[in-house]
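Structure first, commentary second.
Chain IDs A, B and C follow the sequence of writing; residue 1 opens each chain.
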Amino acid sequence: MKTTTMRIHTGSHRGVTDLTTEAASFVRDEEDGLLNIFVPHATAGVAIIETGAGSDYDLMSIIDELLPREDRYRHRHGSPGHGADHVLPGIIAPSTVVPVIDGQLALGTWQSIVLVDTNSDNPDRTVRFSFLPG
Amino acid sequence: MKTTTMRIHTGSHRGVTDLTTEAASFVRDEEDGLLNIFVPHATAGVAIIETGAGSDYDLMSIIDELLPREDRYRHRHGSPGHGADHVLPGIIAPSTVVPVIDGQLALGTWQSIVLVDTNSDNPDRTVRFSFLPG
Amino acid sequence: MKTTTMRIHTGSHRGVTDLTTEAASFVRDEEDGLLNIFVPHATAGVAIIETGAGSDYDLMSIIDELLPREDRYRHRHGSPGHGADHVLPGIIAPSTVVPVIDGQLALGTWQSIVLVDTNSDNPDRTVRFSFLPG
């Protein structure tokens, strides 16, 4: 298995960060196999969605409705509403798998792999790519 | 890795399409490994649920509440409310993994692998099966 | 592929059961690869969240809001509101993948692998671990 970690500077930005270029570059010299994208954080997730036409914003807006940033969470560290960030990976998992064919991500035309990060307290994030050939 | 794509005709049907028979047939001549089920679409997901006792309908009904088909989305192509379809794969991911033991899907008695498709604008869908032996 | 199943006694407890110790122990003698955690049940999911600081409770509380235990489901077996349990794996999938490096789960500091079980009718659960080396 080929595996590496990558640092992503999200700053105080709450939202979606596109990882597709980095993922494509990671598997370019491989043949067929499965690529796992994993974020080793308890307040972030990985999704595969369209970016660039508003859906990244729409996803964040829905997430803020489903996981309201209110004073209701038992988890009480960090900024007000930060408890919601800790529920996020229950809904948007921090792990996904993308098939790779002949060194290419087998994504659909409109799919991008993204980091979803609602947590503005954490300016730097790590992403792990692991490629299992087969 | 053994990989193939399959075409699913969903027509204008919004809902759940069972893929279990096709997945089982794809791995029948294999031994042990992991099967990845991946839909290369930005408006569909893959789930593992019970079918045939109403839960497929219940899942769609909950999805329509969580992702209301209203004029609220930044993504503005397609039918009214189509923006919701683009948020769907953030909640129901387009990728999942099922263990295979001796050529059999290691599903529970009541589990089926399904395509979840809220998008009636897209009558044909592709599903990719990829089996990584181990 | 190395694979095994494990029995978890959840009793009538609705909630989150930590599987991290068992998963870590399962891969301890391995090298690099991907670990799949799979629950062969139609009313349970697997998540990767922080435990021990309230977020497990917060996740269950959000789930009960998103999937209300009301008399609204077509699935009508079991206790009142049990239809919600059957929608759960559509939102929290019963399958996830964690990278393993040199026999160690590559989890972040605050991440735990958990079984999410809203179904108090089912006192015993099975979890399958499958490790694909690479």
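Just so we're on the same page, a contact is a pair of C-beta atoms (placed from the backbone, for glycine too) under 8 Å apart; a residue touches a chain by one contact, two chains touch by 3 or more.
The structure displayed is predicted, hence computed values, not measured ones.
Q: Are the interface residues of chain B and chain C largely the same numbers on each copy, more than half shared, or largely different?
A: different
Q: Taking only the C-alpha atoms, how many degrees of rotation bring chain A onto chain B, rounded to the nearest 5?
A: Value: 120 degrees, nearest 5.
Q: Between chain B and chain C, what is the gap in Å from one C-alpha centre to the other?
A: Between these chains, centre-to-centre, one finds 20 Å.
Q: If I count partner chains per residue in chain C, which residues reach a count of at least 2?
A: 34, 66, 91, 93, 96-97, 132-133 - these are the residues of chain C that touch more than one other chain.
Q: Could you pull out which chain C residues touch chain B in their complex?
A: Residue list for chain C touching chain B: 1, 3, 34, 36, 38-42, 66-67, 72-77, 83, 86-87, 89-91, 93-97, 126, 128, 130-133.
Q: Along chain A, where are the residues that touch chain B in the complex?
A: 32-34, 47-50, 53-55, 57-59, 61-63, 66, 91-93, 96-99, 101, 106-111, 116, 132-134
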